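Okay, so subunit A shows up in both of these, paired with subunit B first and subunit C after.
Our next item is the complex of A and B:
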């Protein structure tokens, strides 16, 4: 029921807003929250409790307790007491069977008690094990907090924003505002965040106010993530001022979870902010001054307050709230009964120290105040206001009052005093153990309302002082946060070559290849593209290759020391294949090295290795300090491989330079103009046919691609390229090799020059050269026309002894071919091995050398 | 890990802008024994305390540098530009 308009109310009565609440149409005003409007409309049941399905209503009305968790427009676990009202919102109960007002599962409250003692789920439902899936299904639906719609997709878009602040103030109460203003007086860069939506738009001179926004924690380096709904601000602040205040604590007595039992702050918010008369007859029980203040507010709002019980003066033995249909009807104090429909219970206020504890502050029990307070703040973090204990009076209520009925310590998880006592009796006599066993403080409020009451009770039961018990660890996040916000938007950047759209227009099937998007093939049949390369002319976009310039008087010395190969004797205009090894002797990457001038080398790497190789080169050069510069030009330079018997003629038609077999030999590098584009042409043969790798400025990509296609080159994709290279037995580093492979086991013993002074990997390779490798990388030819999967087992005498790394069907060879790691004693040419294909063992012959054109005449022609 | 690390060129930046390359180790001289080689390749001191280690400002200027970091607190005592030729690699 609304009161007459009052000064200071937050609602705008000229702007009605309506929404649906558990199937009922409810009207409120702008400025309301969903919860306050529903309460004003007479709704009292907001949720059903976690375990016993007891009806629950507004308790704290400030976004801390679990009692108003509801599903709003499909988003579960929204605290409707703080969620601003919006037209047409659909608010539904969760964790109920049938309805909020009548929940079938509430039977657990009537009969479940003896059967569901603390920790029952650890002890029961264990045998027989095969019934667990049934138990699990039942338990998951019986307990829990709302449901996610797995098919909802992305209902909102989340973003992360990195921000810096000179001073970040957490909390917009009087102390926080004063601290922010004082900080702003000495310069800008002051930001204040507060959970309360009503602070949105608050004017503070020189202070940026973010509300509603919630600081989730304080990490090292002054990192404070701030939850602002759909944006996560990652704040870095030089000074963090915590002014999170103190949180009202409930009293622990039988019936303390009945609807109508509220904390004073919640009642005052309903009266003062939303002009709601929260009941007709109220009793106040308080362990601090809050009780008197709320009694004044209630009287002013026309609520009868027949009795205010000050627990500092009287210490009742028995304090019981009794009710009917889940709502409070009377309070019984030591046999004396007071009728009421609102019971304001205040157990004092506990500093909200969590953020400070996360930052590294010590938390100690202050026996003067009867609460925990932060001490020894870490540098860069300050605390002001009641979070430090300032302004709090001594509170010392009974840890639990006697009487008949369930007496809740933790309303989130439905943990009663009986559960706690039983846990202690069972030997869980450390607070951290008891916490995990009973799950007290582990619910949605994360201990905000139950941490202090739990420790008070623990102290009494174990006869240990609170100061000696200490606190449980405060961990981020400070309040529940949507996983979507932490995940952010799904942004997967893709690298596309400068010819990408030509491929797309040509109908290529595009696939991911590391960070790149690349054509898999241009038609349904990759083998057609393979045939074109063998018989006439093909062209593939290889712009994804890593490309580095290494330049300087000592460039050659640097490369000599990075690669096992020799480069000093290589003439300008020549190319050499190189493999990078680590000091452990493992294969890291491969590529070609072209010498363009005495002090200039052009290095290519694998498509995925460009960044790692650049970092590797730069790191070693930071170690050695050669006079050489390393420049990664992967993105600046595009590349295509023009391959096939007709490639020389096609290239000759596009250039005035002489590319005849005599003038442009195998493994030559020449700078020529191709169709007017300055190009570095490398005559190499990854796909095994006469071919030229053309490297040229990226912007000319589509143009030159078009020119080559117009000359009759058939585009081919990654899959045809994989078939072609496999026919040559060419290894793909990372596909056929792994972190255990070295040059000897991978069949490249000709490559390392161990007589060189030093190179990365030399010492390991020296040792490898002397030992017998356990396994070797070899080619194989299947006896039948079956295709083994990548990773298929090589089976020797019934045991797995190796694995297939690549396998393809080759038209040119006429059989299925592949590469595999096999035991050294099976690595001889012609040895028969067995490969598991679809559970059957199939025969294959080890095949050394290339499967196709083993003399390499075609690529050298 | 969310501490700030000072790049010698760019100043303090969140640590996730950097690539970590492990503690500085000593590369053995020519023809090491298998034990010396294994020590260098596979074994690390993994100290609980101040350690000298390699970092690269990978998402920034790309510079490689050395940092003295307390592994217990992530406090970075010093960042140093490498003096080529004298450093032992990781």
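Our next item is the complex of A and C:
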């Protein structure tokens, strides 16, 4: 029920807002929270408890407890007492079967208690082990919080923002505001964050106020992530001032979780901020002054307060809240009964030190105050206000009051005093172990409301002083945070060539190829693209190849030591194939090396190898100190492979340079102008046809691609390229080789020049040259028209003895062909091997050399 | 050997396309500008030997390595520097660049200290050179092959500023597809 308009209320009665609450239409006002509006509308059950499914109502109204966790617009575990009201919101109960008011699972409260003591899950559901998936499913559905939709996408947009602050103040109470203003007096860069929405828009001279926003933790280097709803601010602060205040602690007595049992701060918020009369007849039980101020507010709001119990003056042995249907009806104090529908109970206030503890502060029990306080702070972190214990009076309530009924130490996890005592009796006599066993402090309140009460109880039961027990570890996040906010915006770096959009617009199927996005093929049938290359003219974007300049007077010396083959005897304008080997002689990468001038080489690498090869070259050159620079120009230069019998004619139409067979020979490199674009043309043939790799400034990519297509070149993608290269038996490093492959086993024994003085991997290659390899990489031709999967087993005498690395159906060869690692004794040309295809063994013949145009006449023509 | 195949400025007029063209199509030019075709030269060697001319800005990445951003023809600048004893390469085609008006957008994509520019480090998860222009805008250069992706991220962050502006906890901005382009 709403009170008459009051000064200081936060609601704007001229702006009604309505939403649905557990299926009921509820009206409130702008300025309300979803929880306050629902409470004003008479709703009292906000949630069902974790284990016993007991009805729970508002307790703290400050976002600290688990009692108002609900699902809002599909987002689970939202605290509606702090969630601003919004038109049309759909608020639903969670962890309930049927409805909030009537939950079938509440039967566990009636019968389950004695049968479900602490540790019950651990002991009961361990055998038989194979039933665990079933148990887990059942337990998760019976106990828990809101449900996460495993298949949900982003329900809202989340951003991350990096900020710097000279001074970051966490907490906007009087002490925090004063500290912020003092800091602002000596310069700018002061930011204050507070979780209270009412501070939004507050003007503080020279201070940026972020509210509602929560600091989630304090990390090294002054890193403080702040949850501002849909933006996660990652602050780097030179100075952090923590002013998080103190948190009211519940009293531990039977019935302390009944609806209508509230903390004083929660009651005051309902009355003063939202002008709500929270009950008709209230009893106040408190252990400090703060707790009693609520009595005046209640009286002013027209609530009868027949009894106020000061626990510093009276020390009752028995304190029991009783009621019906989960709601408080009376308080029994040492046998004396007081009717009420609101019981305001407080066990004093505990400094909210968690952020300080995370930052490395020392936390100790202050026996004068009866609470834990920070004692030593790390540098750069300060504390002000009641988080330090300032202004708090001594509190010393009973750790647990006697009486009949469930008496909760931890409302999040439904842990009772009985559970705690049992854990201690079972030998969990350290607070950290007891925490894990009972799960006290591990629920949604993060220990805010149960840490101190559990230690008080622990101290009493074990007869160990609180100071000796100490605290459990405070871990971030200090407040619950949405996973989407932590994940932030999804950014997946993708490399695209400068011709990418020409491919996309031509209808290519784009796929990931390592870090690149590349065309798989341009139509349904990659074999059509293969045929075009064999019969007329094709063009493929090979800009992804790594490209390096190696330049300097000692460039050749560097390359001679990096590669197993020779480069010193190469003339300018010529190209040679090269394979890089590791120190252990294993194949690392391959590509071509063109000598452009005496002191300038142009090196290409595999598409994924550019960065690694650059680093490898630089690392070795740092060791050897040659006068040579290595410059990665992969992105600066676009490249295409123009291939097919018509490629020479097409190129000639676009250039004034003479590209005839005589003037531009196989393995020549020439700088020419192609359609107005300066181009380095390399006559090489990865796909086995007459062809030219054209390398040119990347911004001209789309233009030159268009020119080549206009000359009749049919675009072909990665898949046709794979078929074409396989027809030539060309190896793809990383696909047909692995980290164990060497030049001898991979069939490239012609490549290393062991008579060179030195090169990386020389010793290992000398060793490989002498020993008999166990397996060899060979080509194979299937006897039937079946296509083995890449990775299919080579089977010898019933046992796996090798594997297929590549296989494709080739129209030009007329068979299924591939590459495979086979035992050396099966590696001879024409040997029959068996390959497992769809569980059946199929025959194949080892085939040496290229499958197509084995003499290489086409590419040399 | 002319190395002209490295230089966009040596191409005929009308042959060049920025790697950011599609990503920035329709983007607010008062918020983000494409710098991709402006001249950049990579230098190797003793950068103390580099004489920076009018309209040029040298960003040193290490004593032996840096970039010159130039208003002039980068191929000519590279030749001039080579004559002065420094290895220089036209890097115009290597980098995609964009100038961003809003520091807030930049801060949503990098944790680099914007009070300490120029610098180099991660921007939208890829390595970038970040410097400040005379008009206060922040200039970000990445490998051109990442250009489209980074420009998409910038445009997305700009959109994010609009959708999250003035929102507080509990208010839901429009859902947008985080995957971006299928290509």
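FYI, the second predicted complex is superposed on the first by the 732 of 861 C-alpha atoms of A that agree within 3 Å, B and C clash if a C-alpha of one lies under 4 Å from a C-alpha of the other, contacts with A are read in each partner's own complex, and residues count from 1 in each chain.
Note that a contact is a pair of C-beta atoms (placed from the backbone, for glycine too) under 8 Å apart; a residue touches a chain by one contact, two chains touch by 3 or more.
The structure displayed is predicted, hence computed values, not measured ones.
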In the superposed arrangement, does A:219 touch subunit B (first), subunit C (second), both or neither?
-> first
Which of subunit B and subunit C A:800 touches, first, second, both or neither = neither
Pick one for A:763: touches subunit B only (first), subunit C only (second), both, or neither.
-> first
If you stack the two complexes on chain A, which partner ends up touching A:615: first (subunit B), second (subunit C), both, or neither?
-> first
Touching A:637, do we find subunit B (first), subunit C (second), both, or neither?
-> second
Partner chain(s) touched by A:699 [first = subunit B, second = subunit C, both, neither] = second
Is A:843 touching the first partner subunit B, the second partner subunit C, both, or neither of them?
-> neither
According to the contact criterion defined above, which of subunit B and subunit C contacts more residues of subunit A?
-> C
Kindly classify A:679 by the partners it touches after superposition: subunit B alone (first), subunit C alone (second), both, or neither?
-> second
Common interface residues of subunit A - those touching subunit B in one complex and subunit C in the other = 162, 236
In the complex, go through subunit B and note every residue touching subunit A.
-> 1-4, 14-15, 19, 21, 27-28, 30-32, 34, 37, 40-42, 54, 56, 58, 62, 64-65, 74, 82-85, 87-89
Subunit A partner, complex, touching residues on subunit C are 1-2, 4-8, 10-12, 14-19, 22, 36-37, 42, 44-45, 87, 89-95, 104, 107-108, 110-111, 113, 115, 124-126, 143-149, 153, 156-157, 160, 163-164, 167-176, 178-179, 182-183
Subunit C-touching residues of subunit A, taken from the complex the two chains share = 72-73, 78, 82-84, 86, 154-157, 159-164, 197, 200, 211-213, 227-231, 234, 236, 489-498, 500-501, 504, 510, 516-517, 543, 549, 551-552, 572, 596-597, 600, 629, 631, 633-638, 671, 675-680, 695-704
Which positions of subunit A touch subunit B when the two form their complex?
-> 162, 219-223, 236, 583-584, 615, 618-626, 758, 763-764, 766-767
